[in-house]
Structure formats: structure tokens, C-alpha cells
């Protein structure tokens, strides 16, 4: 499906701005936010749910803000790598610690770290602008200063390109030897040890990558909104990322794009049409997906192309499950 | 027939609460040997393997491999030294296919990370298929591991160990649960493969038939101690051993 | 006692049991043999209601396929799973007693059965206080067996009980099980075994299964070959 | 330009979260005002249409919604926002999107002191006069205190308002000791620990510029534990919470409403316009209007006034955006209090009403008594001067600042 | 720092910790048993608070004396636990026990969103407040500082009862063992005659009830407002993780630590008030990776 569907979607999105513009801003957000989701999907392969990736999203965003505020006019071409790097460093620092933990401990430690950052961002009002956030000035692109319209168009292109690259790379990565080792950690870590491989280091490597993805996403959103606020790091944001990953389907990298797309659109339409009920609408949609389409929206498409007998959790259920907790037991 | 000293365990002690699982265990293994460990349930056989592979740390004693101390090393480090292990209770990657399972192991051995090549496009794929053929599991290569019946799981578990191309292979009841109709055939090919690759092996076994056929030496465990150690013919004839382990057929 | 009428199971679309039909008479001990993957475990799981199945399952003439899984042990069926399935949070003794407690047997009866189990498997008495999570592979098998005997008053399903047992013990179990039958002639046993040699000694009858179908003329694989 | 069939107005207000206690009445007021306006034939014959969006949804969502309203709904005028934080973020955005934005309630003085804006206007006062009024009232009515503690929400408003209040206090009464500066987070549900600490410290005065749910929780817990007995409370925003706090708020607390408006406004409460509004508001919500409602009235008055002025200037023709902006400069309008004028820096000059809580027979909640109304010019820096430096230059003469005094009942 | 302040810190810490425990213990239980991290737990808390406060306030206008609100709270909590919790388990969770943990977590996340919204629809956004019981129980004075007996004595007492009650339930009752067994292996549990479904239902209802009770008991001490749910849930998360998987005692200790940490911060370093729970959690897990009372996993191979 990466062969047919992926290029098709890309092509469509690439030409869109030439035919219509009204969704350009929304789509830019969709692309930017798909990046952290991709990071989440990466970790889900190892059975680990991070409830704190908003942390890296925020690091990316605030890096943009700080550099532009304190260093001055730095070009977008420089800013994005910078922010990504910063997130990577943060990922390494946090990762070294959290990869020792599993399941709820992993999830909650990530949450804890992001909440710590959140509180610091809120508390150090005079450095970070506190709850109200930090304004992110509009940077030059390749030296040219742009007005809003131009800049938004450029940002659309940049985000799309970066996302496409990331999707392709991660897709490859997951099917590679190390990618499979990552998945192996999910079902039997002990055996991975007995293969002479370090589950922790493997996980750490992917953790840093996912952090960088999140950071890049944050950076893009920040320049787009011209704003970085502490609630970029709040736990519900992290929750949202996991939410979107499942919505789209963690079984395939495209899930990130599809999920992010669905999420942002449902949200903005719900906000526009059902007003006070937007939250409920989202919740109901998610429920329906999980109950009737456990492998996410992308799974719908994917299912058609899948051989029988390899059905995921849903099908091989009973034994699959007992097998799983057998694995916890043995 | 036995060559240079490979592994040397001495004075191993470990207890769990009241249970004495190892009480001065000492065993030496020379290259090329195929040692069978027999003994009543709970005697400490698996525990011994757990100590040798760094899963458990004994209160006392040492295990030297080619002169290197293993105690205190992690399972990972020990595996890297060339000691592979197959488990009494199969330890597989439940949600990946059998072929992927073995290929992962092979890739680990080759130290191949290759972030952008497909696992099944690497040479490890052929290694995997070869091994699956060897233990005649080729038919289930594309099944996800959790779908396999117990017997097959045991065999695949061994294949993972073999994929590591070890010098020393520790197997915990390799064929228990494997139907007797295949059992012997499998063990036959297995041992031959080991001989061919010059792999030394230790296998815990409850089936004396197996022991007599394939062991070059037998060590008898009993409540944390080695009660008897020697060539199969002698040991299995020992009335004491017959009384505590084999029983009168 | 137990009658299976073309019992079929399919998992994830693959047929795993195809019209399995056989019966186990009251007080009879039946060996259920077949190579790996033949479908033995699946058959037992179907009888316990752990997998969805079609066809009929009768216990003492009563059709039980509609009885919810958790009520079947109450009918007097005990199951010792192949892969032990102990509750590691409990001690060995608690594991053995659990079915009796759940069935709300009165203490006297409970202790009577416990004694019977200990009589058959003295090792369990020694291990009684240990965390079930810590026992060895073979010991685990014994605990699972003991647990099955606590509740299985009419039918006991043993999935490869000898697997991983030292031969002496394996033999002793043979005897113990026979002792059990003697003590309680109405008790029926269905024992799967991929190594029939061990059952030769005391099975009344052998039923073979191959690729999910009952073999008409089961040839006991002979170890020699 | 030719007449549109609607004038679209986008309004941001808190519809969720603790602050919605405060934002929802704002929406109610807007709906009433729009209806009246349209009944009167709308703006120059064109009816207004309102679009609300929730400030509680968080800075980013809010920004996107703001965008959506301007770019997709094509609103002609935005009214944003309640929270200072949101104003600080949305004002530049409005500039960027080139849409007229009325800062209808937010308080931070930094907005027009740090930037020059073309499209942004504030139709009400700001933190500086609001804090100066509170401080003056305190110093003039209860001058003898030597310790003070502050409990403010941890965001722009809480920080800025304390910054202004404290530096003015330092200038006017240097000997006062600040014993505790507590900034519990916006929306904190429990202040027990803070209250214990305050009880241990026993400050003479406790200042809190909190508002909405936060203020109510704090005051309730404080009075339950007798803190309101031992210290004088200065609550410059409590007018918006009086009705729900009821007895919990002790008589004698200093209470303000961020501007000169109050449902018992001594000068305007008997005008028909005022009575009509209060009546309608009560029908709609069951409560008396609180100051977000009055601020909304000012925003609408400004809107109506600006268009009227622009149409006239345009010889009866429908004005384009720049002409409306032109009209906004120096505009004077009257909401439900005294007249408000927009200075050339787009900051409104709004007088400040403040007083003391007192329980009276007619109402089951305290009313504001001993009201004083300070003239805006006297208590805020002139155009171009930053509040902080202006405050730095204050001297004792400031204490003689004039005011109009009123007591309840006459 | 002088002893009087320390004393105050202690009291505030205990009072707050008790409340946190009452809420978090339900989450800990549900997680320990069902391995589901119930994000909707916070919503039960909020529902409990809203239902309790509006009901009690209404009854008060009908002349109910303040202390009578307490039994009312209990009833409300149970009703919510059984109805909302019961329905949620029966019709939603039950369908996903076979799916991955992440998926189960997301279901609760969805329910959380729905309940949050629903609660806004039912009770609106205005704060509710009724402190009858608080006043009924009066104040106590410690070192010249007045506390409400409700917060400093009553809540801790209740928390203690809940702790001991649950302990006994899990350790010494059949139902308790059944729940533990189901947790570990559903199929094996069914094979010994356990009705796994019922066990899950019971557990979940207990958990939900505790959350609702926490909300109900908190209602007199605070204004009930939108947003109290999400705030409480993160705290409960922190507690559950700090405690160790499903460790009731752990939850108690963790809650206490967090309570003390918080009041310490307020007194000595206000900036850190919000960070405290997380710092504590990180520190604890640094030293004890399985959580305060976490047992290292049983023998694996």
C-alpha cells in the first residue's frame, strides 16, 4: 500500500494549493502534527505508549521562539534543523532514563517529565512568557522576508515535504532488521537479551528519533501559529497524539497522516457546527473506530490487501491474548 | 574424543527462600561433548542454565568460559561470547512470523542493523529458511509465532538459538512436547548439525531413550547437587540413579 | 460420560478441528494422541469453552456446549492445561484450593479432596507454601494436575501431563491415576499425549487425531522407529 | 463600498473551564445587545451576526479559530479577548490578518505600551487605572496597615496587576512589608495550604486580583477558616463574583469591577436604557449583569458608534475597513456607565468605580457601598509613557486624587 | 524552618493526601486488576462531585441538616459507580479486553472526552458549591491556625477505612482472590470456574465508585467546576505509578508523599507546587523501578 496509496496521496496534496487555498492552513497543521504522531507509532511498535511526547513538541516550538527572540533573525532553513536537534538532545536526556521502564511506568514517567517541563514553562513567566506563551516572530525563508500569504504557502510545502520524507524513512526503518528487533521487544524482551542485543539501547535509538519527529512538528506548528504556549507540553496533548495514532492506525506509518487529517478536520468542523459538542463528537468517533475498526482508518484500506491467517489482535484474539499474558508469565 | 576445556563451573550455590536450587554445583565441559542433564523435577537443572547464562546470580561459585569468568555478566554479554540457549518454555516473538523470528536472531548474530533494508531482503532470510527446514518447520514459516502448537514452538525456539551460531548450546528439554514420532528424527538432525558445525551442547532431558542415543556424557542432578556424572551406559545403569530418576520401566 | 458430536473449531478463518466425534465412557481412561498441531489442545479447550466451537458436547448425556465456560468446571470437569497456567500471585496450595473455593465447597469436602490430591502427589505438600510463580517447569505441571483433580469429579482433562516430568514421576503418576480411578470408578480421564508410549501402561483406549480429524485406525507411533 | 447584507462580528469568550463563569455572562450580554441593535435596524440598516469561540480551548486552538473566523467566515470585526494572555497573542494576529479587533475585556496594560497597532482597539480601561483605583481606595479609606500578602492567578493578568500594584505601593507607602507572594495556577481547585500559610503570617491586607471560579473558591475557603476575619481583603475584580459568593464575602472587603459599571451604578442605574438591559439580562440568565456584560456593552457601543461616524464621514455611503478604523480613532461612546473615549494609542479612557462590600436587606448577597469613581486621566499614564516608569514617579500628592463619592441608597 | 510551620505543613499534607488517595486508589485498583489505565477515572470524580453537590444543595434547601449530606454522598457515589461505571464496563470495555493495552487506554480516553462534555451539558459551566458537612463538623485550631475538622480529621479517617477495607477485601475474601486470579490469566481463571466477566465488572464498579466518592467528599471543600476531572486524573496517574502496579498500600503512601510535598512547596518554594507530584514520582521510580510497593515480576524462564 505504501507503493500505490502513498504516492497518490502525496501527488494530490502537492497540487492542492494550485487548485484551492481555503484548507492550506488546516492542512499545514495536519502535516505538522502528523510528525509527532509518527513518533508515537514508532514507540508503539515496541509496545510502549509515551504519554509525554508533548514535551518534545514543546521543546521544538520553544526553541523556535527563543532563538527568534534572543538570537534574532535566523532563517527557517536553519531554525528547523536546530529545533529538531534540540528535541533530539532532550529525547536523549529523557530517553536514557525512561527506556529502563515499561508499560504504565514508561507511560507515566514520560507524562511526569512533560508535566515538569509544562510547569516550568508556566512558572518561569519572565523567561518563557508563562501561561500566555511565547510569541514566535515570522522568520525569513532563504533570506527572503515574506508576508503572511506567501509564508503560509511556503510552510505548506515545507511541512508536506518533511512529512513525506519522514513517512518513507520510518516505513523502511520498521521493516529493517533493527525495526523488527524493536517489535520483538514488545512480545519477549528476555529473548531479545538472549540474542545478544540490548533492548534498552534499541529502544533508546528509536526514542530519540521519535523525539526529533515530535520536535520538528512542534517547530512547524509554532512558526505557523506564531506562538508557543505551555499547553503544548500538557499531558492531554500527549494523549491527543496517542489518540491520533490509534485513530489513524498504528499498524502502518500512513496511519499518522490519515489520523492527523481526520482529527484536525473533525475538530475544526465540530467546532464550527456542533460548537459546544466538539469534544463529545471526537470521543464518539474514536469509540466507533476502536470498536469497529481496531486497526484504525488505515486498517480499512490495508485489510483489503492482507492475506488471511495474519489477522491482527481482533481475530486471533482468544489465543492471541492468552498467548500474550502467557508471555508475561513464562 | 573430548577436546579442550570449554566451560568450567565450580562451587555454585543459590537458594530461594528455603529451596536449595544449587548446592556446590561443579561441572566441566570439553569441546565437542554433548552432555545430558537429567534429574527429578525441581532438582536445579534449569537453575544451572540460568546461572551459566547470567539470568541468575549465585551466592557463591564461578563459571569460567574459555577461562573468562561469566558470573556477573549479563545474558547479553554471555550470548555475545558464543553461548546460546534454548528454553524449557519456548520464548518466541509472538506477533512476528516464524521466519521473521529466526531472521531476527540471525541478524542479531551478524550484528546487522541496516536501517533501510528489509529484514527479509537480507542474507538472514536464507539462513532462517535453512534452519526451519532443518527442524522441519518450513511449513509454518509464515505463521505468527503465537499460532503455533506447543511442539512446534519448542522447535522454533531451538532454531533461534541455532541462528546465533554458538560454540556452546544449552537446551532445556529440547524435545519435550514434541511428538515422539518426530522427536527422534528432529534430535537426530539436530545433533548432526551440531557435530557438523562443531558445536558443543548441553541438554536437559527427561527421556532416557534420548539420553542414551545422543549424549556423550550424563550428569545427574538431585536437589541442587550433582549426584552422578559419567558416560551414559554407566550412569543410567546406576541403581541409585534408576531409583531417583529413571524408575523401573 | 463425555460425547463429542462433530465438534469443529476454526480460528482466524483456518479450520483447526473438523467434525471431531468420539466419546469417553464413564470411568474410562482414554489416550488422545496425535502429532504436534494435530488439534489435541484445541479439542480440550473447546470442551472447556475456551474457544468457540460448533457441534455438540455432552457430559453425562447433557448437552453443555451452551453452558458458559466458567460454569463448566462446576459440572465436575477439571482441566490441567499443557502450559500449566498457574496463578503466580498465589502459593501452590492456594492455586490448588482455588477451584474448590470458587465452587464454594464446604470446608470438610474441600479438605477431603485436598488430602486426596496430596495422597496422589506428595510433592505438592512440600511445595504448598511456595509462590506458584517460582516453581520449576515440571513442578508446575504437578500443581496444574493437582488443581484439576480438585474440581474434576466426573471428567478430568490432562493435556500432556507427563511432558517435562522425570520418568520416575511419570511412572508414579500412571500409578497414581490408576489409584484414583480405583478410588473413584466413575471418574473418566481424557489424556492427550504426543508420546503414547507413556500411556500404553494404563489407557483403556486410544483415540488418534491428525490434522484436526479423528483417525479411524490410530497407529500408536512406536518410539523405536 | 456597497452595503453588505450583514456585519459579521466574531467574539472570543470563555465558554469552558473555571473562567466560563465569567465568559458566559459575556456571551449572554452580546446576544442581548445584538438583538436590540438589530431590532433598531442594525448598523446603518445592516443587521449584525455574531460568531462565538471559546477561549477555554487553549491558546493554539483559539488562534486557529480566530483565523478561521477571519479567513473562512470573513468576519468584519473581531472582539478578543477576556484573558490578557489571549490578547497578547491575538492582537498581533489581528494585525497580521488585517481585521479590526476590539479588546473587549482583557486587562494587561502592556498591549499598547509595547506595540503600536493599527487594527486593535481597547474599549475599556486597563490594569494600570484598575490597580491604581484599588490602591488609592485602600490608602484613602484604610491607610493604617503594615503587612500585605498577594494571592494572584499565575498568568499575565495576575503577574502584571501585582507588578503595578506593588510598585505603586512601594512608591506611596514604602514601609509596608510584603509577607507572601502566592501565584497558584489558573484554575486551582484548592487553596488550603495557601490559606494555612496566610493564617500563620497574619498579614493586615490580602490582595487578590483573581476572578471567576478561582476567586470564589479562594474566598469561600478563606472565610470558612476565618481568614476573612483576621485580614482586610482587597478584591479589585470581585464585583463579578458577588452574587455567587453571597455571604462568604465578608462586609468590609474592598471590591471593584474593572471600570465604572455596576448594576447599581449610582449615576446610570435609573436610565431606561440601563433598566431595560438589566431586565433583559435577568430574563436571559436569572442574574444581575456583571462587568463582562458591561464591557460587552461598551464594545458594542463603540462598534455602533464607529460605523455611524464612518458612514457619516463617507457621505452616507457604506464605509470600507480603513474608514471604520479612521472613525475609531478618538471615538467617544457610552455603554452603561460613563462615557468612554479612545485615545490615539487606541487605549480607552474608562473611569473606575470601586467600593466596600456590605450586606443589606434587599439582596441576598453583599452590594458595593461607599462607592468612589476615579477619573481615568488621573490614574493612568499619558499616551506614550509606560505605566511602570509613570508609577515610579508617583508621590504622596497622588493620594489626594479626586473622586466622586456615593453611598448605597441615595 | 520552625516546628510550628512544619506542623502546618503536616496537616495540610495529610488533608490533601487523604483526598488524593481516595481518588487514586480506585485507579490503582482498576489498573492492578484489569491492566487498564482508566483515563475516564477523572470524569467519575467530576461526576461524583457534581451529582453530590447539586443533590446535597437541593436537599439543603429542603431543610436537610448539613451532616446528613455525608450519607447522601455515599449513596450518590455508589449510584454513579454502578450506573456509569457498570454501563461503561458492560458495553464498552468488555468488548476490548482482547485488544492491545494502548487500544484499551484509548477507549477510556474517548469516554473521558465524552463524559467531560456531557458533564458540561448537564451542569453547565457555572461553579457549584455546598459546604454543609464542612460547617457541620466545624473547625479545629492548631498552633493558632484554624482548620476544618472535615479536612484534617474526617477525610483522613475515611481514607484509612478505605485502605484497610480494600486490603482485607483483596487479601482475605474469595471475591478478592477471584479478582487477582482473573487479572493474571483469564482463560485459566475460567478453567477453575471463575466468572471473569463478573470479576471485571465488580472491580470496575468498585473503582468507579471510589472515584465518585472522592469527588463527592471533595465537593464541600471546593467549588465544583469544569476541569476538575483532568486535573485530578494526572495526580491519580502519578500516584498509581509511584505506588507500583495495583499496590493499594503504595497508593496510600504515594498520596501522602504528594500531599506533603505539595504543602511543603506552598510554604517553602511556591514555584514548585505544581511540579511536586511528578518530581516525587521520578525520584521514587529512580530508586524503586517497580514503584514503592511494586513486586519484581515472578520467575520468567
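Labels for the chains are A, B, C, D and E, by order of writing; each one numbers its residues from 1.
The rule is simple: a residue touches a chain if its C-beta (ideal position, glycine included) is under 8 Å from a C-beta of that chain, and two chains touch if they have at least 3 such contacts.
These numbers were taken from a predicted model, which means no experiment stands behind them.
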Hop count on the shortest chain-contact route linking chain B and chain C comes to 1
Neighbour overlap between chain A and chain D returns E
Larger contact count among A-E and A-B belongs to A-E
CA centroids of chain B and chain D: separation to the nearest Å works out as 78
Here the gap between chain A and chain B, centre to centre from mean Cα coordinates and rounded to Å, is 42
In whole angstrom, the CA-centroid distance of chain D from chain E equals 38
Note: chain B residues in touch with at least two other chains are 46, 88-89, 91, 147
Residues of chain A that touch two or more other chains sit at 122-123, 190, 276, 309, 316, 318-320, 322, 326, 329-330
Residue numbers in chain C touching two or more further chains are 11-12, 50, 83, 85, 88, 134
Residue positions on chain C within touch of chain B in the complex are 11-12, 34-38, 41, 82-83, 123, 127, 130, 134-139, 141-142, 160, 163-172, 194-197, 221, 223, 225
Within their complex, chain E touches chain D through residues 4-5, 8, 11-12, 15-16, 120, 124-127, 129, 131, 134-135, 139, 143-148, 151, 218, 221-223, 225-228, 231, 262-263, 266-267, 270, 273-274
Residue set of chain B touching chain C in the complex reads 16-17, 19, 38-42, 45-46, 88-89, 147-152, 172-173, 176-184, 206-209, 243-249
The residues of chain A that touch chain B in their complex are 169, 172-173, 175-181, 183-184, 186-188, 190-191, 193-198, 309-310, 316, 319-320, 323-324, 327, 330
The residues of chain D that touch chain E in their complex are 15-18, 20-21, 24, 56, 181-185, 187, 189-190, 192-194, 196-197, 199-200, 213, 216-217, 220-221, 224-226, 244
